[in-house]
């Protein structure tokens, strides 16, 4: 059974197939599937720590204040499009074209809790 | 659920509400053609060391091995299916006394703290 | 009625917690050299600590978590390690200074050199932590701490020109010794806004099993307690200005000069009062800082903790305060001047503020923890102000340490 | 400290890089810290020494006063005076080492400091021997030497000549 430490993914740089940097892994989304908690998608963006802090209203207020929330380049990438078998070097498994389809809109906050 | 925000680093308590530690690591199982499944949380200095990087992780493991007298040591794990409640704290349906998580505290009690009068 | 008792007890406690070797030494130095000019630093520091203490207490009452818990859980271990290391280091210096304060009091009383007193003092601190309960330490020591009110009495008896004192409460520019002036302002702010104070307070809320019904009491305790504490500091400053400064003793670099503050007012009893005040204030603070070291580590790593538990029930926690106390006694036992160490560590405390105060901004607005009791506009503005102040202090401390240090 | 905080916010991004920068940061700060610690004693100028000496002399006068009126226990008064004597003597040495722009003026200052130091020493001896008259005399000597110092100080820093 292959296992991987999800905590090691936090803040890692994600590289595309052509070694282009996409951003940093900001958050890992999981959902209940019956008894199991399964990883469904990864949030990849340019700021590593802010995702955690956004739980607080002031965090988001700060992001808004600095205009960081409507930043380009936040991706919500489904679990099967990233190879995480080596958590120190996560890799994107799809083309740049497909990737642009994962670009998050402004409604991305809705996923919380 | 946001794993990094809502699970990682949260306080872990056992079924008696005893504070065991924080969620120092989060382990998932990679499956063929199915999404990764969370199978355990990790606790302890080795897990923490690894989060700081590979080198501190190795130091921590070596130190723990030296102190515990074992050749190789791994972080403590609690199976995810024991989870009972996820709130500000995360409660697991275990009894910490039946795990090895507090082995070092027990050692400390027996060899150091317990020997000082009045403990 | 019960609440009223709680509140008054809490106020007494926070008065006892506020005054320690740092506030006495910095206020004495500032008063001697600059008269009432630096009253504003005490006032500003007190206002800041009121806000932080209130928030720390509210956070504990609502979430049943301490500030240290919150920093670890919300920011993650990789970020937590910085405030952890900074706080452990600063607390170590402060604890050392407090032990030094008690040791000086012992030297003044017995004539035995302070370095010989350091280890016995550390032993007594440890013994009380080992055997005592939280209630005993918190309430017992702070009751005794009321003896420091003698500084206020002395200040009133000296009939200061209150108008001049009030003028000093408004920030103003120095006429001489500019670098020293700002260095002292930084030290006073560091002595007033001590991270150990608000972190300890939030742990105390858990030890005393606070819940949401304590929010009002917490507000009263924070406001009144810290104001009284600040009042005593101002008292020390006034006495230093009117006794030491007026007699031409402007450079308080030698702890032997400190008892001279009260002798001209109370005679021999002034000497006794000073020694007792110094001993109790520093002893109480030493207990709190040592406990805070253990709280910080235990909470950061999620261990079982509690001063009311027997040491064998939380061995990790007990080990941390045991080590902290005895290690902190070492520099004093080696003969490091406690007064110099105090001033240095107060300035460093001020410099470490951003690391410990920034998290307040996030934690106190996190509905996961505080729900509907999150910060209002005023509290948030206060935190942002303190953070800004902290950054300025952090930037200026080292240059000032070089140019204005004692 | 500030930089460490900035790391904290931009945090998790690359942990090893962070640790490396932290080490560099500490390396940069350590000499500064050491400088700060050591500079406390060495960078004192003659002017600061004179101010310190004057303040210490006043403290010696106060302690003697307190002892004479029975308000200070002899043990405290004695050890305080001893410490003040050392501070005064040390100030004298520091002034000697200061830049010798005008030896005559410097000499006046250091004579006054020497007088202060020996007066404080005499006060301590008097306290130890419980001789009130001698202590009173030492106190007067302290005051006299103090005004010497004030005069010497004014000359030391006077712009003329």
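Every chain is named by a letter (A, B, C and D) in the order it is written, and numbering of its residues begins at 1.
To be clear about the criterion, contacts are C-beta pairs under 8 Å (C-beta built on N, C-alpha and C of every residue); 3 or more make two chains touch, one makes a residue touch a chain.
Note that this is a predicted model, so its numbers are computed, not measured.
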{"item": "Central chain (distance from its CA mean to the mean of all protein CA atoms)", "value": "C"}
{"item": "Most heavily contacting chain pair (counted by C-beta pairs in contact)", "value": "C-D"}
{"item": "Reference chain A; chain at largest CA-centroid distance", "value": "D"}
{"item": "Between chain B and chain C, centroid-to-centroid distance (C-alpha), Å", "value": "35"}
{"item": "For chain A paired with chain D, centre-to-centre distance based on mean C-alpha positions, whole Å", "value": "60"}
{"item": "Inter-centroid spacing, chain D versus chain B (mean Cα positions, whole Å)", "value": "54"}
{"item": "Centre-to-centre distance between chain B and chain A (centres being mean Cα positions), rounded to whole Å", "value": "25"}
{"item": "Touching two or more other chains - residue numbers and ranges from chain B", "value": "4, 8, 24, 51-52, 54"}
{"item": "Residue numbers of chain C (touch at least two other chains)", "value": "74-76, 78-79, 368"}
{"item": "Touching two or more other chains - residue numbers and ranges from chain A", "value": "10-11, 49, 52, 55"}
{"item": "Residue ranges of chain D touching chain C (in the complex, touch as defined)", "value": "1-2, 4-5, 7-9, 11-12, 15, 18, 32-33, 35-37, 39-40, 43, 51-52, 54-56, 58-59, 61-63, 66, 69-73, 75-76, 79-80, 83-84, 87"}
{"item": "Interface residues, chain A side, partner chain B - complex", "value": "1-8, 10, 26-33, 35-40, 51-52, 54-55, 79-80, 84-85, 88, 111-113"}
{"item": "Residue numbers on chain B that touch chain A, as the complex places them", "value": "1-6, 8, 24-30, 34-39, 42, 47, 50-51, 54, 80-81"}
{"item": "Contact footprint of chain C on chain B as seen in their complex", "value": "4, 8-12, 18-22, 24, 43, 48, 51-52, 88, 104-106, 108-109, 112-114, 116, 118-119"}
{"item": "Contacting residues of chain C [partner chain B, same complex]", "value": "63-65, 69, 72-78, 80-81, 130-131, 300-305, 310-312, 314-316, 318-319, 368-369"}
